[in-house]
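All chains are identified by letter, namely A, B, C and D, in their written order; residue positions are counted from 1 within each chain.
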Amino acid sequence: MLLGPSLALSATLFTIGVVGVVIRRNAIVLFMCIELMLNAVNLTFVALSQYHGLSGQIMVFFVMTVAAAEAAVGLAIILAVFRHRQSVDLQNINLLRG
Amino acid sequence: MTEIVFYILGAAAVISGIACILQRNPVSAALWLVAAMFALAGIYVLLNAQFIGAIQVLVYAGAIMVLFLFVIMLLNLGRETSDIRRWPALMAGAAIAAGLAAPLLALRLYSPARLASEVSGSPVFGDPGAVLSQGAAAQGLAESQGVVGAIAGPLFQTYLVPFEVTSVLLLVAAVGAVVLAKRRL
Amino acid sequence: MAIGVKVLRRPETDVSYVRATLKGMALTFRHMFRPKWTMQYPEEKSTTDWSLSPRWRGTHRMLTDQQGRSKCVACGLCPQICPANCIKLVPGEDEDGNRYPLIYEIDEFRCVFCGYCQEVCPEEAIHVGVHYENAEYGRDRFVYDLERLSSQTHPVSSLWDPSDPKGE
Amino acid sequence: MTPELKGFIVLTVVKMLVVFTITLVGVALLTLLERKVSAWMQNRRGPNRVGYAGLLQPAADGLKNIIKEETLPDEANKILFMLAPLLSFVPALMLAAVIPFAAPLPVAFDFSLPVLGRFVHDGLVPMVVADLPVGFLFVLAISSLGVYGIALAGWSSNSKYSLLGGLRASAQMVSYEVPLGLSIIPVILLSGNVSFGAIITEQQTGLWYVLPLFFAFFLFFVSGFAETNRLPFDMPEAESELIAGYHTEYSAMKFSMFFIAEYANIVTVAAMTAALFFGGWDIPFTRWDQTPGLPQTLASGLFMFGKTMSFVFVVMWVRWTLPRFRYDQLMSLGWKFMLPLGLVYVMLIGSAVWLIENMLGVGSPVTRGFLLFGLNLGLGYLIFFIIDRGHVVRGSTARPEAVH
């Protein structure tokens, strides 16, 4: 049921996410693009879980947990960086440069 | 009927996704992302994954994106100049989009029959139900045990160890976030 | 007189929040069945519990003598003392040499209801009244002229407590 | 479309009309009730001029709000400013769709209309607009969206009071969603199902869950206060500190949308409390309501209404009794008391249910309910007589740590 279209939609969303990561400089928006990519992957899992059993849906469950953890830590890092630099623009964030 | 709703929701998801990466204002971007997630939740419901749909709204829209919004508001971002990169990056973006989308979009030709033939390794497109019996079994399970009960079984039996590991991951993330965000301990 | 402030140390650790909450909720619930204090204003204007103080200072009233003429002799003390400068007085004199006000107007919008006019008046003519229903349809109606001031009938203020004139 | 599907659609539309009409009219009357209750508790009479005993006061207020001027701050983000009241209004109404409000009604009809064709229905109609299989997971998901309206209203007004109100709201609502979710888990443990219908059926045969799961009820109700931004948790509004918080810049109909949303949320929380812990439309001490029929449906609907309204009254009663929490008290109550209590309670109930079923071999839900009630009594003694002293809410003289 709707396997092909779901996979195509997932591919489109994933591409949008990747393009977003490439063209944006705002660190928070970058994180949002990563969430979009994770969502696209989730859609693949759900679409295939119709044929391969419920393991796919459980995998989505784990992906969401990881996404929540990632968002929490990532945003905490952004907050910490913002305190140093007063900016979340990646251009101004070159702390890790040698 | 299902297809029409699917295509409407899919279009909504794609448009929201594009709007999300093109909006200058982080708050608008976050809201467009929420819209995309809503559309995806609707698609999950169409794909017979009601539980995942509810969880999607609950976790993504209700918790993660609120967290994003909270941080954006806390830093009071959103009234600044555009942060979209200049043309070299735009070109790279377009190239990546083309390079990535072309092979991935080939997936749209996938059908249950083709999936079944690839899984079984036989070149003939056979009856998908015979090869992919687990999907039908899952449907039956969902009907006999309820949508949530069907997922709970494998989650707490087959995947018990990953589940526990995830809880440790969450704990680590919580501690890490507190340590990072707190200026002085 | 020095004001004594009683400082209460609040108990910090030994107080129960939930039970205090429940007690408070019981109190408010009991209050629902207490008699209501509301005075239904236009229908009931005063009750035995609530009436205007005799020292209330409201809109003015000019007292008149037996012939119906105002007691005012246009001495000019009230416009002199008025801190808000709201009394307009043009004195006139009749053929007997008695002074009387040609124009006597009080702008009740400017008035601060201090009651000095009543206090300073040698003839006890002008008074502040025990009265509060002053609604009008236009601003100009709040400039009370002599006729209006004389035709008011509400009781006048005693300004201070007669049994304790120095306010002790 | 088959005639059965059309019959189903007709019934759904009728149910939607009934539910949303009742909700919206009820919300309007609740604004009057709130003023009346507050007046009674302060020995006043409350509004009684417009209509008989003030019954038309909500209509007068509504009319006033419609003809007032809509203000729009100059520096506001216009689109989001317009969108925010809607975003808080819609989830509140969506929630009303999944709560069953009466016993199922047997309906049979078979008629034809000129253009639309034949409509057929025969069988029990559950008295709920959408009987979702994921049950109150939907409720949790949708109620977590209410925060968007408030946060966006705060952010888009571009005013410091609004922004602070929005920040507080998002932090508060995200924090209290955790105890809210945890308080529902014991209910799932006992009923073994997440759909409202199953939970209510379970309570009809056994005890109302308020007895075996008293602390789940307690956590749910307190978190419900926080989720609806009602006193004592109305930090986002906090008129004495933040003017009016997130809706400082709003006027006229947009402002009253926030109000309608708030009251609709109160109704939903009250109805959910009734459904999850007080048997829903169950009429106590009788089995008469379990056989379907029109009088049963009406009577059980009346009972559900009564239960919901009594919880609405409790919400108002609490509002006019308790003062507002300080912000650090609010957060420490949520994270340091209610979250651990919820976790411990889930574990306790889970092990107790397992023990009762496997060790004692008790199968009857009534006996199990009473055994769990005993457990709650013990826990209640521990909490209200030992832990409660100064640990639940920090006293007013205890200052928060200096904010860096």
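Quick note on the criterion: a residue touches a chain if its C-beta (ideal position, glycine included) is under 8 Å from a C-beta of that chain, and two chains touch if they have at least 3 such contacts.
Just so it is clear, the structure is predicted and the values come from calculations on it, not from any experiment.
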Quiz item: Pick the pair with more C-beta contacts: A-B or B-D?
Solution: A-B
Quiz item: In whole angstrom, how far does the Cα centroid of chain A sit from the Cα centroid of chain C?
Solution: 72
Self-check item: Whole-Å gap between the CA centroids of chain A and chain D
Solution: 33
Exercise. Indicate the whole-number Å distance between the mean C-alpha point of chain A and the mean C-alpha point of chain B.
Key: 9
Quiz item: So what's the Cα centroid distance for chain B and chain D, whole Å?
Solution: 29
Quiz item: Considering chain B alone, which of its residues make contact with at least two other chains?
Solution: 51, 55, 63, 67, 72, 74, 183
Exercise. If you connect every pair of chains that touch, what shape comes out? Choose line, ring, star, complete or other.
Key: line
Practice problem: Could you please write down every pair of chains that are in touch? | Solution: A-B, B-D, C-D
Quiz item: Given the complex with chain B, which residues does chain D contribute to the contact?
Solution: 77, 80, 132-134, 137-138, 140-142, 144-145, 147-148, 151-152, 154-156, 163, 166-167, 170-171, 173-174, 177, 193-195, 404
Quiz item: In the complex formed with chain D, which residues of chain B make contact?
Solution: 25, 27-28, 31, 34, 50-51, 53-55, 57-58, 61-63, 66-67, 69-70, 72-74, 76, 78, 146-149, 183-184
Quiz item: Once bound in the complex, which stretches of chain B touch chain A?
Solution: 2-3, 6-7, 10, 13-14, 17-18, 20-21, 26, 29-30, 33, 36-37, 40, 43-44, 46-49, 51-52, 55-56, 59-60, 63-65, 67-68, 71-72, 74-75, 77, 83-85, 89-90, 92-94, 96-97, 100-101, 104-105, 107-112, 115-116, 128, 132, 134-135, 137-138, 141, 150-151, 154-155, 158-159, 162-163, 166, 169-170, 172-174, 176-181, 183
Self-check item: chain B partner contacts - residues on chain A that touch it in the complex
Solution: 1-20, 22-26, 28-29, 31-33, 35-36, 39, 42-43, 46-55, 57-58, 60-62, 64-73, 75-80, 82-83, 88-89
Quiz prompt | Contacting residues of chain D [partner chain C, same complex] | solution = 37, 39-45, 317-318, 320-322, 383-385, 388-390, 392-393, 395-398
